[in-house]
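When the chains are written out, they are named A, B, C and D in that same order, and each has its own residue count from 1.
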Amino acid sequence: MEAVFLSFILMLSIFLGFELISKVPATLHTPLMSGANAISGITVLGALVAAGANNSEMATWLGGASVFFAVINVVGGYMVTDRMLAMFRKKPTGGAA
Amino acid sequence: MEAVFLSFILMLSIFLGFELISKVPATLHTPLMSGANAISGITVLGALVAAGANNSEMATWLGGASVFFAVINVVGGYMVTDRMLAMFRKKPTGGAA
Amino acid sequence: MNLSAELVNFAYIISAALFILGLKMLGHPDSARRGNLYSAVGMALAIIVTLLADSIVSFEVIALATLGGTVVGALAARLVAMTSMPEMVALFNGSGGAASLLVGWAALYDEILGTSAPSTFILITIILSILIGGVTASGSLIAYGKLSERMTTAAIVFAGQRIVNSLILVGIVGSSVMFCLEPTLGSQWFWVLLALSLVLGVMAVIPIGGADMPVVISLLNSYSGLAACAAGFAIGNNLLIVAGSLVGASGIILTNIMCKAMNRSLANVLFSGFGAAKAATKVEGEVKPIVADDAFLILEAAQSVTFVPGYGMAVAQAQHVVRELGELLEKNGAEVNFAIHPVAGRMPGHMNVLLAEANVSYEQLVEMDDINPRLPNTDVVVVIGANDVVNPAAREDENSPIYGMPIINVDHARTVFVLKRSMGSGFSGVDNPLFFKENTRMLFGDAKQSISALVAEFKS
Amino acid sequence: MNLSAELVNFAYIISAALFILGLKMLGHPDSARRGNLYSAVGMALAIIVTLLADSIVSFEVIALATLGGTVVGALAARLVAMTSMPEMVALFNGSGGAASLLVGWAALYDEILGTSAPSTFILITIILSILIGGVTASGSLIAYGKLSERMTTAAIVFAGQRIVNSLILVGIVGSSVMFCLEPTLGSQWFWVLLALSLVLGVMAVIPIGGADMPVVISLLNSYSGLAACAAGFAIGNNLLIVAGSLVGASGIILTNIMCKAMNRSLANVLFSGFGAAKAATKVEGEVKPIVADDAFLILEAAQSVTFVPGYGMAVAQAQHVVRELGELLEKNGAEVNFAIHPVAGRMPGHMNVLLAEANVSYEQLVEMDDINPRLPNTDVVVVIGANDVVNPAAREDENSPIYGMPIINVDHARTVFVLKRSMGSGFSGVDNPLFFKENTRMLFGDAKQSISALVAEFKS
């Protein structure tokens, strides 16, 4: 039954993803790409469980490595997106007239 | 755990519903309302199970009654929506110029 | 053939996808009809696999009830006049609510008779399903009564109403808690809950004026989705939850759009009986009637004509002759538009449906915000059975109950013809100063007859 | 504090809602930054509750790995130049792919060492997670190499490439099947699968030219979402599935938008090595260089000036001086625009980011379709390090590999200045006949220096 629920969730998220993204204007495509990339770092959850569950030594090391990579993706992704978006803020004085 | 999955599904569907509906132009609001109403007849599934599971006589009768009402909602809803939408079809000759 | 629960649920996923696709396609005029079909196919699929699932063992009651429901639903859908669509939707909606109530009730039997004691979570979802279903059912019936004018369309208010309503709410919460504590089949708390749910639906809708019924229906539509959702939690059915929340969201959005178009908050619609508002400034002045012959002469000379249809066009079924008149005017060299107010008629988009039925092309339909700036340069505006949506009191009279509602400013045009049968007010029950303006001419009579007379003049 | 699985999952629902809200808000310039923050909060919440869940018992490895990852990620994000954004995203993306691969691998250990034999469904999802993760990781690395020009940007093609790739695919399917049949820890099939996944990533990206890397990154981004999704199925985690599929969908849509902007199909991008296309018609003619002094005189007299930035502006970091020049021109009475080609630069919206960094206001940015009809009436177009996106061969030369790509028709303007360092070609490697046109003047040199020279002249 779990597979059924997960598939349901998959189907809904795919539709939702399409609805959400297809509205984003071209201007914001670069931050969108890197923001979405940061979200894909969600694998970090799986990595944490693998590294911390103490199931087998090998799984712990593999998990540790995957935590490392996933955290790079998450931290770097969000920070870089924020840096880009900071430039899009409303300016007190517009560039020109 | 089932409650968790169901809540996940609920959350996603609500977001999806908002995304889908907020794009519909005013022209189509009446058919949208009646089309959505037809979908709400989905209770018919619960009604069918109640009426057919043979759990207790009372449940069967209650289920039967709910099948009746739900089917009215479903059949009537889809048919009336279709009737309305049939009028929106591309016309071979436009009304005027 | 007995399908396993897994297979049934995978089919439900397909159904849900079809509902979603269907709703998406309902958003474009070209694909809307196909979208409705997709959605219907999804429903059919869900029903079929449910019937094939191994939980269903006896089919007699089902067959009978389905047959009955199909006949009633199909006949109603076939026979209803396009103008009575809103009432019809109200009834269908009430039907859905009643179904949710009954499903919850039946689930209760199964749970209580089941092997293990029902969990509080399940009980709460069942109670929600009964409560929301009951409110939807009785509320929709009242809405139907008001819309079809089988009962007074005025807001029904009485002293102590708030207290009574508060007591009902307290009663509902109390009986729910008592029932959850001791869930037995014969529990009197259950009956109290059931009765109060139905009463709540009635009490919630009667203080709302007839003109606000479309908002109510849309909100009740949303409720019927929520009821399906609750039923889904009660019986652990994913598809009920998905479909229910799609409907719930759609109802809330439509409600919101309508409230915005009337410049009122939802709370204002629900809790301030329309008729009970402060008295508007009394309108006085001279009314200038006109006969079809004279109206024809003016129309013949007009360079630009804008039609503003309202509920009266629906009542008179005048849409076809209106289209004809429009064509004749165009042949005569005038520019012809139809100005559509978002809440003209009794449902959102009501006028669009009617004009589409009469084959008026999209391009001629203009929205309120686009037409208003053009009206000062328009020679003739023909108001066909619209009233509230062209009432300048909404703009000028701060004491008017409809003050603040955006309207079509027909009084800014050079000449206004108002086609209606009497000096009666619109659905909001508010007087209309437009009828007394300098540039307004009243063409009394049934809209269809008046327009037909004009068409005849043009043809001769 | 140990949270139960239910509580953790309810927190995941909130996280998912935050991701969704965040993505929604990323769609408007005003709310985008807040949206990214919401999404980050969702991620933090998910990480915290996961750490508090009772399945996690040892924290040393986690603490170390998290610290390391945070330092690397934060430094990279801080130090990277805005112009190298595309490479950075490629690396982050590869990182995510590697993580998915490793999670799948670790899950494999747990499954095989677990009490009951792993189900085929679980095995398949694990294999998918490893396969997609591996392809994403190695593919992103190659994309990084090409974008940063650490390796040749040309398409690498060799005889028999298709056969080799087919063999790899067959090997992957074969080893997966063998592994599923006998899932043991030391299975050589697993190693074959792992190696082939990484090789497949490399082989998939090397035949694609550097100019198409943004499309590849966007597609790999989508893959990393799918990998997270597969990992979610493998370990039964809802949030991985929701977040993964949101990312998957977003990547595919962006890919599609880019392909459309280049007028090519995705298949064409992926499978036809760009450089390997038929030879374009050789371009010949006379090049007319111009020096900054002369360019200044012409600009001073111009009534309307349009800047067309491209990748070269990013390389030269010229955006700030460009804005300054724009302001001076406006003071001088000219109408100034910036024409933005959707695929100028190396990422979609790349130019928007740079010009926003330099404080150019939205209103001055004009999209390709809007600027083209206005170009014939434009006095001067200043092309700043753009090449492919203004190459008229895309319009005129049917043999050109970029034929059919929509471009900004700068050659229709009265005068065109092209600022670049040499006669070298753009990222597509295609010659540009624009440089030889009658009305084109080449202003050779680094874009920033050239523009600075113009600014200095205006100021003096």
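Here are some notes:
Just so it is clear, a residue touches a chain if its C-beta (ideal position, glycine included) is under 8 Å from a C-beta of that chain, and two chains touch if they have at least 3 such contacts.
Not measured: the values here are computed from a predicted model.
Centroid distances from chain A, each centroid being the mean of CA atoms, peak for C.
Centroids built from CA atoms put chain D at 42 Å from chain B. If you average the CA atoms of chain A and of chain B, the two centres end up 35 Å from each other. One finds 15 Å separating the Cα centroids of chain B and chain C.
The set of chain C residues touching two or more other chains comprises 20, 238, 242. Chain contacts: chain B has residues 1-3, 5, 8-9, 12-13, 15-16, 20 touching two or more partner chains.
Under the touch rule stated earlier, the contacting chain pairs are A-B, A-C, A-D, B-C, B-D.
Every residue of chain D that touches chain B in the complex is listed here, in rising order: 5-6, 9-10, 12-13, 16-17, 20, 238, 242. Contact residues on chain A toward chain D in their complex (touch as defined above): 2-3, 5-6, 9-10, 13-14, 16-18, 20-56, 58-91, 94-97.
Of all the residues in chain B, the ones that touch chain A in their complex are 1-2, 5, 8-9, 12-13, 15-16, 19-20. The touching residues of chain B, when paired with chain D in their complex, are 1, 3-5, 7-8, 11-12, 15. On the chain C side of its complex with chain B, the touching residues are 19-20, 22-24, 26-30, 32-33, 35-37, 39-40, 43, 46-47, 50-51, 53, 55-59, 61-62, 64-66, 68-70, 72-74, 76-78, 80, 82, 85, 88-89, 92-93, 95-96, 98-103, 105-107, 109-110, 113, 121, 217-218, 221, 224-225, 227-229, 231-251, 253-254, 257, 323, 326-327, 330, 336, 340, 342, 347-350, 352-353, 356-362, 364-365, 367.
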